[in-house]
Structures are given as C-alpha cells and as structure tokens.
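Structure below; questions to follow.
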Amino acid sequence: MATEASTAAVTATVPQRRRRKATVWHRLLRHRLFVTGMFLFTLVAIGAIFADVLTTADPQKMSVRTRFEPPSLSYIFGTDNFGRSQWARVLYGAQLSLMIGLGVVVLNAIFGTLVGALAGYFRSLDNILMRIADAFMAFPVILLAIGITAALGPGSINAVIALAAVYTPRTARIVRASVLVAREMEYVQAAKACGAGDWRILRRHILPNCMAPLIVQLTFIFAYAVLSEAVLSFLGLGAQPPIPTWGNIISEGRQYIREAPWITLIPGIVLAATVLGLNLLGDGLRDVLDPRLKVQQ
Amino acid sequence: MQSPWTRPFWLVGLGLASLLTAPAAMAETFTCPETGGDLVFGQEAKVNSLDMHASSTISTRNIAMHLFEALMTRDENNNPILELAESVTTSDDGLTYTFTLRDGITFHDGSAMTSADVAASFARYNELGIERTILANVDRWETPDDLTFVIHMSVAQPTFLEDLSSFSVPIVIVPEENAGADPLELEPVGTGPFKLVEFIPDSHVKVERFEEYVPNAAYEDRTGFGGYKVACLDTVTFRIVTEPGSRVAGLETGELQAVEDVPQASVERLNANPDIAIVPYENFWIHIATPNFERPPTDNPLVRRAIAAALDMDEIMLVATDGAYNTNFGFQTSNRKVYSDAGSEFFNVNDPELAKKLLEEAGYAGEELVLLTNRDYTTMYNAALVMAEQLQDIGMNVRLEVQDWPATIATRNENPDAWNYHFTGWGTNTSLGYLAVFKFLAPPRAIYALFDPDTYGDPVFNEAYQDMVSLDTFEGRAEAFARAQHRVMEHGLALPFGWLTKNQATRSNVHNFVPFRIPRMYNVWMEQAS
Amino acid sequence: MIAYVIRRLLYVIPVLFIVSLISFSLMQLVPGDPAVVVAGLSATPDEVERVREQLGLNEPFYIQLLSWYGNLLQGDLGTSFLLGRPVVEVTVERLPVSLSIALYALVLTLVFGIVLGIIAALRQNTWVDQAVMTAALIGVSLPNFWLGLILIVVFAVHLGWLPSGGYVDFREDPWAWLRATTLPAISLAMLQMGLLARITRSTMLEVLRQDYIRTARAKGLPEHVVVGKHALKNVMIPVITVIGIIFSLLLSGSVVIETIFSIPGVGSLLGSAILRRDYPVIQGGLLLVATMLLLLNLLVDVLYAYFDPRVRYDGD
C-alpha cells in the first residue's frame, strides 16, 4: 500500500545539505532499533563476505564418517546427512541470500524508479502503467514468484528475476506517489516555465525528492526478498543443490528434524535474524528520513 | 483341440503352476480373528484419480487395487494366478485363450459380473489403457455365454498370460455401463473386497467393507494381489500425508494406524516404541541411474566402465537411504528362479585407481558429466549428490541438474543434449519379473538411445532381449535374460546402485499387515480396545 | 455513490484482463511436460507421447490461448491434466478449506494485532510497548514455513496437543476443525499479526494526538470512553484498508503452509500443480485467486467510500 503523502523536502543549498546529512547520521546512530538492526545485519554480512576466511571447509564436501555430528567445537553448527559442515553451508548460504537480496534491490531501484517516475510524471503513461502494476499486485506475492520461477526454471538468477518482477510494481507505486507530489511543487513548475527539459526536471528536481521513501522501501524489499528467496529454495525453485542456500538447507534437513534438529534450526534462526536486522534498519531509516511514512508493503 | 490350463507349457519351468488351480486344500481358510475397526493409513503421494486403466501412478494403485480386480493377477512370488476367472485354457496353436469367469461375482453397485462387463473393460483398456501394448497381438475377443470370455490372438505370444496378469496397470473389470468413461474419469465401482465411501482429492480416500464380496475359494489366504481376500476392517481411510515427519508423528500419536515410507532416520526411535511395529519392505525397487549414449562423455563405453569402476555403492546407498538398502547384485532378486549373477564383476567395484586408468584409456578430457536428478524422491537426490562427489574424486567434471520428477522425465525423453545419467527407481517392472525388468532398455525406443537407435543402440543387448521375450522354453528365456543382464553391466546400459528397502509401519494393534506392491488392507485386522 | 462504484468497476476490468494475460502466458514458458505425469512413473516414451496427443499439448501457443479465452468467457477454465476434472470444480471445492483457514488466521491477526497494537500505543515507551513491538518485529521476520515445521515438532510431536497435519471439515466436526487448523493458522498469521500490531500502534498514536481526543479528554470523559469510543473508531479505518493486503498475504502463505500441514486447500493444489506441470490448474487457480482478491479490494474500497465520503471524490 503506497502512502500518498511524502515529505516535501525543499532543495537545499550545498552546505545545508551536508549539515542535514550529518544530522541524519547522528539521528540514525541514536536510534536504538536502527543500531540493533545494523548490528544484526553487519554480523550476517561479515559472515557472508568473509565466508572463505571464517571456514576452510568446502560447503559441498561430503564425508560419510561425519554424518549427523551435533554442534561442537570441531563442527560449530554440526554436520548434515552427507557429513557436510553446516557452518560452511550456512556462511555460504548467507553469501547467496544477500547477493540475491541485493540483486532484487538493485533491479527494483532501477525499474521501480523508472516505471514510477514515468507514471507519475507523464500522465499519459500513468493509466496503463499503473493498471499493469495493479494486475501484478493482484496476485499473492509468493504465488506469483513461484509461478514465475516455475516458468523460467529453478535457479538463483531466475529467483532474482521473479522476485524483482513481483516487487517492482510496489516500488513503482511509492516512487510514483512521491513524483506526483513533487511535480506540483512551485520550483518544479518554475523550472518548467524556464523551459527545462522533462528529463532534466525529473533527474535534477523530482527524483532527489523521492529518495527518502525509496530508500526505506528498498530496505524492506531487501528483507522480503531474502525471506521469499528462502521460500522459493525451500520449494526447490531457488539455487540448485549442492549449492547451499538457507531454504535448501532447511528443506533437506526437515526429514531429520527430530534426530538432527540443528540442521533445520540454525539456518532458520540466521534467516530470521537477517530479516529482523533489515526490518529494524528499515524502521530506523523511516523514522529518521521520512517520519510520515507509516504503512509499508 | 484345447489343452486345459493346468499344464501351460510356458509355465512348467516355473514349477508354480499348481498355484493356479490349487483346489481348496486341507489347510484352513483365513478368517478374521477380529472383525471391525477403522484404520487410517498415511500415504506419501497424492492421488490424481482412481481410474486403474488410465493412471499408472503408484498412489493410484495403492488404493484402487482394493476396489478393483482383474481376470488374472500375481501371487506373493509374482507368479501369474487367476483372480476373477476360474480357469483358462490355451489352444494348442497358442492363438486362443478361453476364460471361464467365477460365478456369483457382484460389483459394488449390486449388478452381477458377466462376460459382457469383461469385454467392455477390455475394450476401454484397449482404447486408453496405459499399457495397452499388452493387447497388441490380440485380434478380437468374444463372449459365447455370460461366463465365458474368449481371446483370439493374431499371432501366438507365449508370454501373453504373463503380460495379462501384470499389476502395473492391470485390466481391471468394471461394469459395462461405466466402461465408456473418459481417461481418469472411471467410476470407482469394481468387484474388490472394499468399496468407495468418499474420495476427497489431496485429502483422503475412504473405503469400507463390501459386504457382498465373495472370496476366491480356490485359495486359503491372500497371496499377492489375489487369493482368498477378506475385509476384516470396517473402513480404511487412505490419508495423504506428504511430509515424512508428519507421517511419523501421526503414527506416534495414534492419529494414523499405519503409514508407508518411514524415513530410516526415524526407524530406530520407532523400534523402541512398543506401540509401533516397523514392517520393512525389502527390494522395493532397484535404485538406478540410466545413461545417455547420445551425449559425451557417456557415449564412450570406456568412460561408462570407468564410472562403474569408481563407484562405492555401499556409500551411495547408505547416504541415499540412511541404511534402508542392500547392495545385492542382480536385476532380479536371488529367490527368483531366473536369478543370475552374470555381470556382477562390473558392480560395486569401488576401485578409483582402475577408474582413473580407464578414464585415461578412454581419452577423457574433462567433458562435463550431467547427473539429472529430482527432489521429489529424496533417495534419488541423495544418490546423485554422493555419486557426483565420488566421480569428482577421480577427476571428472560433474554437474548436478536437479528438477522435479516430471521435468526430469521430460528432459530425459526430449533433450539428449542435456543429461548423462538419469536417476530413477525400477520397482514395478522389476517385481513383475525378468520379462518386464528391461522394458526401458528394449528396442526400438531404448532410453539410452532414444533419438538415434541405429547408431547408439546396442545390438548385443537387443539380440539377447529378443530371445528373452520370444523363446519357447523357460530355460531358453532364462539364459537369454542372463546374457542381457551381463551385457547391461559390461556395456553400462544401466547403473544400478542397490536395492531400496521401503519401510512401512503400523500401530502394534494392527495385525497381518504385509505390504506387497501396495499396502494391502485385506486380511489385515485390528485388535480393538475393549 | 453509484457513480463511484461504476468507476471502480471500470477500473477493475482492464486489470482483470491483464491478470488473465499474465496467468496464461506465465505457464506457457514452463519447460516441463505434463504428459509425463499423467502417463506415470513407469511409462515408456511411447506411452508419454500418446498421452501428450490425447491432451492436445501439441497445439501451437496462439491456438491454446484463443481456445483458453473462448472457454474462459463461458466460465470454463479447462480440465486439470492430473485430476481429469474441471479446474473451476477442483478449485472451488478446495476454496472453503483455504478460506476457512485464512479467515481463522485473519481473526487471529485482527484480534492479536489490534489489541497488541493498542496496548503498545497506550503504554507508549514503557516496557510493555517495547515487549510487544519486539515480539511484533520478530513475528514479521520469521519464515512461516520454518515456523510451521517448528510448531509441528513442538506441539504435535513433543507435546501431542494438536495434530501434525490433515484437515477436517468444519461442518463435520467443528472441534476437530479447530484442532487441525490452529497450527497452520498461527504459522500463517504470525507475520500479519506483527504487521498489524505495528500499523495499529502508529495509527493509534497519531489518533491520540488529534484535537478531538484532546477535547474529549479535556471534557473529563473517562479514559476507556475516550479510547473505546473515539479513538478506536478512527483506528479501524486504516485497518480496514489493509485487510485486503492481509488476506492476500495469508493466501500467499498457504502454498507452503498447506503443503507442510497436508491440507487439501487451494494453496497445496497450486503448489502441486506447479510441480506437476498441470497448466490449466495453475492458470485457472492464479486467475481465480487474483480475481477474488481484486473483488475483495473493490468491496473494501466501496465500504470505505461508504463510511468516509471524502474518498469518493479522490479521483484515482
């Protein structure tokens, strides 16, 4: 659900802008939930980025002799039914999850902004673009994502495409709402009167004003994308084994959930912590950047 | 001139012909120690339809074979027996089979079964039955009277009755008025010991005792899909529980009285539970991968030999099944008369050094080897992962292609450039016997060379196969089977890993539950809480 | 009012058209082969080919599309390859199952979401607020399929309080229905509860700052009257607008949850249809669900406009 209201920030002179940035950071760092989110997310991100430093084990290496080792000093997160190191698998899974999340965010930023700006600025395109967006949004999120990945074939690239397709209309709506407000601003009208081209107006005057809600939205999209990717790979529609993803690991481990609960429990907790971290980041950003945004989708 | 069925020349070799006409002997016929009770069975796979002619899924057979019966079926040892027919005679020229139907059989709708129903059922099967090739050599049939059904062949086929008795997708007998149904839409009205109460797709199928059922008096007890069948239970509900964990949990809490496919990982815990009895069903299927000769590197027999030499089947089967397996050699179990160990020297070799040497000899230069597997059957998925690991260890470039089960079959059948080994299980055909086990390798559409059988087909195997299905004597056919099996192993037409044990389990108050190809519910009885 | 309803309807029609186009074209891209499933586990390639012909899968794309639309206009969404029965029939007969669980989850969501949100708002910045909001945040972060698995192990297997799966019709045995659907409903509702609690809290805080609440308080009205009568009414409006979204999310989750809990609903139907390449069911099912949600949102909009006349003149 897009909030039609948005902050109507006025373009500021450069020194003012810098000062504003500083205060934003300052206020973010004082925002307890934001800091907690930052901590959780950084922890997972470090695990993902430095996976090959944090473990020497190959996440795909099997060993029949070490099947079902519970968590211990030598196997931090235990081993699975193939005797593979769960520590390595969860770390490399983090890598993939975050990369997929990032991919969805980038595609959303590009296409969401593009579609939203076009729809909001050029009223002639608005109707058709928003009807298409509405059509996509009429489908339940996961259902459509499953449909698209099922159609394209399983795999992480296709998962990114599917999730980007599902979330882009939602991002576009938010951008469009901000553009609608911004284009009526006096200074935009003034620029128009001076004969500035449409693209220049969009780029220089309107889009900067959409940044706050967009950043907040993208943070939440990141969270949803990580969560939805897990659902897709749980259903076997994400990255293909033996590549470890959190959804894969949970799916493979669930038949041993009673005998070897660690296989299922740990990736689930890490997944939840990642999503929680991103949600907290989003909350913090929203409180600070765009306090009037309440309802997010 | 006709000779009576008692001495079918092609069955003499099996030495089991006596079963077919076994008169009600001295032994006591089965009676239910206790009658009554409602049993809920946890079934692993969804049921799309109960149309036993048009659906070959195992989940359909699980349930439909309680409702329907056929003229002939198989006994506990997979030998052909009569079921709705009382006798069959074969003409000397092998061109005419005359079935005499059992008198007094009624359908669930109350009508009496006559030869007209049999003819109508055969007609429907001939039109849309999944395995209608069974009837390929049939010229026509006729119904001289209500209890006589005569089949005329266009050419003699010594193995016809063995084919006809197949339970893979049997020609079950349905009332004539239902026989016009479209595929998958057959009314579930049969002659079986249970009749349908309700069928809620994806949820459950409930059946109840068919009070007018007349057990086959030629037997004392149930055997295979036939014999003396009695419904001791009032009702049986086949509930679809696809999650293995949920099936086990349901059994432990007593929501379910019996389940199929218990994960081996849970077996130890369940064994310790006095309320639960595990019923392992050994040799359920051959866990197997089949090669593609039309894509390198598996076009090279030496590469296939190297792969066979590298693999440690015990490790593969252990991880695949968590221990529910054996790695006995052979495409038939050793209790079958036809059993042969020909070709065993190529099985479970586990010699990486030999494998590397063979690869070198083959001139293998790092071509990608694609293992095509699926997630629907975890055991196949696991086997592929371990095989990939073992082949990487001898320096092969392996990629796993994981799809869902139907997609893997489509890839196998349509895209020879996309895969090298396809993971599957050979169960039904293996249990049907040596004539059926190599069905997938049979010319002209052998799965290892679907697109260009002229170039890639194996003439040595084809010759053995032809002998196996057409020679007049059992000895001749058995020898041809051994030859075919040896060729399969030597030339790598298939890559068997071992036999899978399918664990079934019941609450301990459920008795006489012995799964055959399906979880049979006739002659199963429950101790009721008093 | 009538003009507004007509305007909304006219808006829904093109969207429905695009929805149907998406549903159809999506499944045409699928690489798998439904004939394989119908033919079965031990089918030979020959048998598969025969089944494919039988099902008309060899027709070109546009023929399939045209015949699909032709049938659609007659209310015919085709026949399931797998079940051999009309798609409308198999979907509609499962709809009550999914809807009943979604409704149960919706009730859980509304009751817990609103109550917790209000409590948090009234106790703003106390430990109660923090506890509720932390719980809500964790709720929106839990993967529902994972939560479902954990709930089965804890409540069905270890404690044995509730069944681990399966479904009983409400009309048959309401108590058994409640037992069977509680764990799935909780798994489904958790995320929405968290979302709604957060929305309710922030709306409530805003409402409490409004002039009329201050006036009411200044007049010396007791707190429960202020909150119960004035504030709550105004909190409900944004809540009503998100019901459509909540319902959509609940149905979205049903694919995984119904699979995990072996529930014969639309979600598990679609889940297995996708795995089994049952194109007509996927197309028809997606279309039916999306249509239902569109109409639900239309209803919500109209109700909203009815209660809050300002909306009618909002344009689009």
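Some observations on this one:
First chain written, first letter: the chains are A, B and C, and each begins at residue 1.
Definition applied: a residue touches a chain if its C-beta (ideal position, glycine included) is under 8 Å from a C-beta of that chain, and two chains touch if they have at least 3 such contacts.
All values reported here derive from a predicted model rather than from experimental measurement.
The chains in contact with subunit A as well as with subunit C are B.
Interface comparison, A-B versus B-C: the higher count of C-beta contacts falls to B-C. Relative to the centroid of every protein C-alpha atom shown, the closest chain centre, again from C-alpha atoms, is found for C. The chain with its Cα centre farthest from the Cα centre of subunit B is A.
Note on chain placement: the centre of subunit A and the centre of subunit C lie 22 Å apart, centres being C-alpha means.
Centroids built from CA atoms put subunit B at 48 Å from subunit A. Our note on geometry: subunit B versus subunit C, Cα centroid distance of 41 Å, whole angstroms.
Under the contact definition stated at the top, the residues of subunit B that touch 2 or more other chains are 243, 245, 403-404.
Across the assembly, subunit C contributes residues 31, 149, 153, 157, 275 that each touch 2 or more other chains.
Shared interface positions of subunit A, defined as residues touching 2 or more other chains, are 254, 257-258. Interface of subunit B with subunit A (complex): residues 243-245, 248, 263, 265-266, 269, 315, 318-319, 322, 375, 378, 381-382, 385-386, 388-389, 400-404. By the touch criterion given at the top, residues 1, 131-132, 134-136, 138-144, 146-148, 150-153, 223, 227, 230-231, 234-235, 250, 254, 257-258, 261, 264-265, 268, 271-273, 275-276, 279-280, 283, 294-295, 297 of subunit A touch subunit C in their complex. Of all residues in subunit A, those touching subunit B in their complex are 60-62, 64, 67, 81-82, 154, 236, 240-242, 251, 254-260. Only residues 46, 48-49, 51, 54-58, 128, 130-131, 133, 168-169, 182-185, 200-203, 239-243, 245-246, 249-250, 252-253, 255, 376, 403-404, 406-407, 409-410, 413-414, 427-429, 439-440, 445, 447, 450 of subunit B touch subunit C when the two sit together in their complex.
Against subunit A, in their complex, subunit C makes its touches with residues 11, 14-16, 18-19, 22, 26-31, 137-138, 140-146, 149-150, 153, 157, 199, 202-203, 206, 238, 241-242, 245, 248-249, 251-253, 255-256, 270-271, 274-275, 282, 286, 289-291, 293-294.
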